[in-house]
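Note that the chains take the letters A, B, C and D in the order they are written out, and that residue 1 is the start of every chain.
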Amino acid sequence: MTTFGESHGPAMGGVIDGMPAGVSIDMDRLQRFVNRRRPGQTAGASARDEKDKVEILSGLWQGKTLGTPIGFVVRNTDARSADYEGIAACYRPNHADFTWEAKYGIRDPRGGGRASARETVARVVAGGIALQALQSLGITVSATIERVGKATSDFEQEMASAASQGDTLGGVISCKVCNVPVGLGEPAYGKLHAQLAAAMMSIPSVHGFEYGDGFGMASCRGSEVMDVFEKRADGTVGTSANHSGGIQGGISNGEDITMRIAFKPVPTLMRDVPTIDRDGNPVTLAARGRHDVCVINRALPVVESMAALVILDNYLIRKTNVL
Amino acid sequence: MTTFGESHGPAMGGVIDGMPAGVSIDMDRLQRFVNRRRPGQTAGASARDEKDKVEILSGLWQGKTLGTPIGFVVRNTDARSADYEGIAACYRPNHADFTWEAKYGIRDPRGGGRASARETVARVVAGGIALQALQSLGITVSATIERVGKATSDFEQEMASAASQGDTLGGVISCKVCNVPVGLGEPAYGKLHAQLAAAMMSIPSVHGFEYGDGFGMASCRGSEVMDVFEKRADGTVGTSANHSGGIQGGISNGEDITMRIAFKPVPTLMRDVPTIDRDGNPVTLAARGRHDVCVINRALPVVESMAALVILDNYLIRKTNVL
Amino acid sequence: MTTFGESHGPAMGGVIDGMPAGVSIDMDRLQRFVNRRRPGQTAGASARDEKDKVEILSGLWQGKTLGTPIGFVVRNTDARSADYEGIAACYRPNHADFTWEAKYGIRDPRGGGRASARETVARVVAGGIALQALQSLGITVSATIERVGKATSDFEQEMASAASQGDTLGGVISCKVCNVPVGLGEPAYGKLHAQLAAAMMSIPSVHGFEYGDGFGMASCRGSEVMDVFEKRADGTVGTSANHSGGIQGGISNGEDITMRIAFKPVPTLMRDVPTIDRDGNPVTLAARGRHDVCVINRALPVVESMAALVILDNYLIRKTNVL
Amino acid sequence: MTTFGESHGPAMGGVIDGMPAGVSIDMDRLQRFVNRRRPGQTAGASARDEKDKVEILSGLWQGKTLGTPIGFVVRNTDARSADYEGIAACYRPNHADFTWEAKYGIRDPRGGGRASARETVARVVAGGIALQALQSLGITVSATIERVGKATSDFEQEMASAASQGDTLGGVISCKVCNVPVGLGEPAYGKLHAQLAAAMMSIPSVHGFEYGDGFGMASCRGSEVMDVFEKRADGTVGTSANHSGGIQGGISNGEDITMRIAFKPVPTLMRDVPTIDRDGNPVTLAARGRHDVCVINRALPVVESMAALVILDNYLIRKTNVL
């Protein structure tokens, strides 16, 4: 997958290379999946209405993939760039303004430009297609919210509380992939969990990744986290527990793949915040624009998408392990 | 970097492509760095003596890199394959025996074959060279042990305790990279922290990665984790705090890069453990071979190596951001 | 560069990743360059009018590159798919119909689908941008027609002659890159000429590539093709001749890079041709659709584009040869 | 495949990643294949005796591939570096001395260092392994000499004649791959012939590549080079002729793949030749060292190796075209 697009440019889009031929794609289902990350869908999400209509430009014909690159665009229809004029010369804290400008010497300040989380719309288009391919193989991916800020339930109340103070929240998403064939993942540098980590850490705002028992495993003794092999009634080999999160030695073992992804709080507060401008002068950023208090809801299909892309890739590569 | 080698084959080795020309390499310093991951160096480490003499086969001439691929080997001199004969037909719990065999239909059972952590010797050779290149640029990398099992100090005592019960331990390593130039990292899929995550998760036994405040950030409000920009006396731009761990929008901001890596407990216990053999029959694995109670000590140079390789790569790629 | 698009789908397009930031792009000049490959421009070209209006969707802001991916589309506006209905179940000789169908099990028959040379419109968009970047560095790329069929001059007459017989022509294009810095190209597998060969051979209909004296060199003695080094008045090192075509050991030496590219005749004749259908039954394909007698004119900007993309890539990579 | 090694360093070597598991490798056959490129084997070859004993360090176990990286080295045992001392500060014409030094600022002058054709020993090791894998699939690769200098027969006489004058020769090799399955090759940028071209052009001294009727096709009319499809007695689809060289639209069509590769004359003459030194002063290089009059004989297994590596790669990738 290759993607492009700035938040307030004409469109976001991308190209999916290497999608197998002959896979049926249900465009309605794809659009509904993409809609899940739209703002304005749920409590805690911004009111910006982008429509996010997916336009497939190639690679599909008569409802099936051709094996050729799938090009697609999603137009940016609700961009109010004027909202951002005041901040073009400032570096918003915990945003990418400073680093992008330092790196490239130039920066599109409108809506965060390429650094905006709007970029993830291209991921859910590609991911939605990958998910349909996986589903035809019986493989399912599902992400759920585990934590919003300090709350492990009553998420809407926690968001209302933060919003009332002009503050924002992060959270943790857990993701599970079921019915994964044994043998996916490359054993040394392309370990399945290393690929999943890179995929998840590439989602804006993600600060942590773990699989199986993760960081908790570091505090356990070996005898406490053993996944003992057993032969099952259906003749397959399984494990009695799943501390390993479905991956051993970087390769899927057939158990559910489990992982957790940590998101930092939304960096844009609805309060005045101090910063400096391009010349180093202190300035105060007044709260403006339309921003989420918490992105966790909208991030669910993004997490599922990144998981699906990695699993499908490895499903295909796995075919090359023998002549 | 490309590496090769099975634990009990003739040698481990690798090739470093793309190392810049004209970098002075001190072979004594490199060997001392590689020795840091040798067993038998510290409490909690196995007594296997591998010598791990680095032999550089190309790419260096008169003490400097030529810009050509650096090929190297480290011979396996102390392999007692007979130790493993009994387990060739069994799947050790939490090891890669089952997944490798399922994936490839064939498996070198001696010492875990390619899945052995012995593979990391190639990483420290490559990493040690990368570290010398970084040091010539003033960039430093240092990893420290933060936790061994449940202990955050008295690590040797914790290891002795586990060993006395035939049990094993995991732990957490924190790693810091200092004096990183602003602008390293690709902003979308090649975010600097995504690359670091993939690199760390590719180390055997790693189950979690976070940077900056990591998972802890998910429980904070936005106002609690702001890294406010400020102009420093020397004219550079910095941040008042470093919750972001030196990376914003996937790009280094000049602050220290901080990250934490979680290792699971060593999977091989010094106790009898139940499992099944290739035919699905239950068997008991008796404790055998020479194994670490905890790999955290030996993993320190491996973590530093992976960090160094990623940072050096991005230092070079960053040169291509402008014409 | 990644591209997508079927000949008679909604659009062709692509994404350019890694374009340096801050490069000024003149959109008028880009459109004029793209127009050079349009049909209906010159003798021997088809009358199909596609307009080929380039729409940039990202990566440019206020006339300069942002360093972000440049996404673009070119709409397909003149597709008469009905022209192709009769041939959907047949394999046209010397076309990709049979191989695509065998490979993917599915094929978009309209206008050759993805296999159509219409795909090259995306190459000239990307190439046109690369050329502007190169020109800002003083590097120029120019392709000229050396041969059309058996003619080395009077090209229009040769095309008229072939057309009158319902026949088609191929030809040879020579391409020269001037003011190339010394040191571009990777010495073993990424030799500059190997990259150029792959780029040129990826253009539809190309059957041969050579650089410098090429195939002719194979018939010479070593003493006849020596490029003797000499120190020039301006202090630079040059060669007295340029049999090597500006590349030695896979690396540019500062002389003009010269190469020749051979195109096969257009495979679609304006005559009846025999073939078989999907079931193996013999059928006769009647001449239909609008086709070029010879693509050499339209291929000139495609050749320049592929050369520009390779040279710019290597210009950037060359920056990483030293710390 | 990744390779390393300087001509007069300790060893040449490489790593083959992605070789499928379970392939039987006959080491004697591999060594005999590697010996075919050794000097001193045939008329026109140098007398340097390198032995070229292949040492496999990983990836093979009990005669079969493990699916893990295959690391290997070939020691340099007959290096007489003193032969090259006089030329360290000079740029030999048509060699890579000048370009390497300009690129990297440093250069191993002994025997051409990494730029030496000795590098191809690593290619024949990897290629010999790929060939055995292909042979188990029934696919064969064979290269033959088509031309040595101006001679299309009496090759030894032509070489003796050139040698007697202290001169050198190039030539043309033709290569054929038989029993290739339909469907190999990626249709746009990874066309099978584009990959073959890049592979062949990466061999030292190669200046031209063509497939099928190649450059000759550019002088033909479309009606003269038609490969008409026909259904064969065995039910498969074939073509009546093979002007296309077994590849249509970048994808193999099941016919023999045919290609021709042009080699320039050996650049080192056994005569005095003029050049300049590092400071630009004119100097005369006296004939020294041991050099081939013509490399065509020794290049045969190199050409077969590169073809085998490309075909095997595409054989594996082709498995991913459908789910």
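Convention: a residue touches a chain if its C-beta (ideal position, glycine included) is under 8 Å from a C-beta of that chain, and two chains touch if they have at least 3 such contacts.
Bear in mind the structure is a predicted one, so any value in this text is a computation, not a measurement.
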Top of the farthest list for chain C, CA-centroid basis, is B
Interface residue overlap between copies chain B and chain D, same or different (over half shared): same
For chain A and chain D, what's the span in angstrom between their mean Cα positions? 44
With chain centres taken as the means of their Cα atoms, state the distance from chain A to chain C in Å. 37
Per the C-alpha means, the centres of chain A and chain B lie apart by a whole-Å value of 26
Where does chain D touch two or more other chains at once, residue-wise? 3, 21-22, 67-69, 103-105, 114, 187-188, 321-322
Quick one: which bits of chain C touch chain B in the complex? Just the residue numbers, please. 18, 20-23, 67-69, 133, 136-137, 187-188, 315-317, 319-323
Chain D - residues contacting chain B, complex: 2-6, 9-15, 17, 21-22, 55-59, 61, 64-71, 73, 103-108, 113-114
Please output the residues of chain A touching chain B within their complex, sorted ascending. 3, 91, 93-96, 98-100, 102-105, 114-115, 119, 147, 149-150, 162, 165, 167-172, 182-183, 187-191, 193-195, 197-199, 201-202, 204, 207-215, 217-231, 235, 237, 239, 243-245, 247-253, 262-269, 271, 273-276, 280-281, 318, 321-322
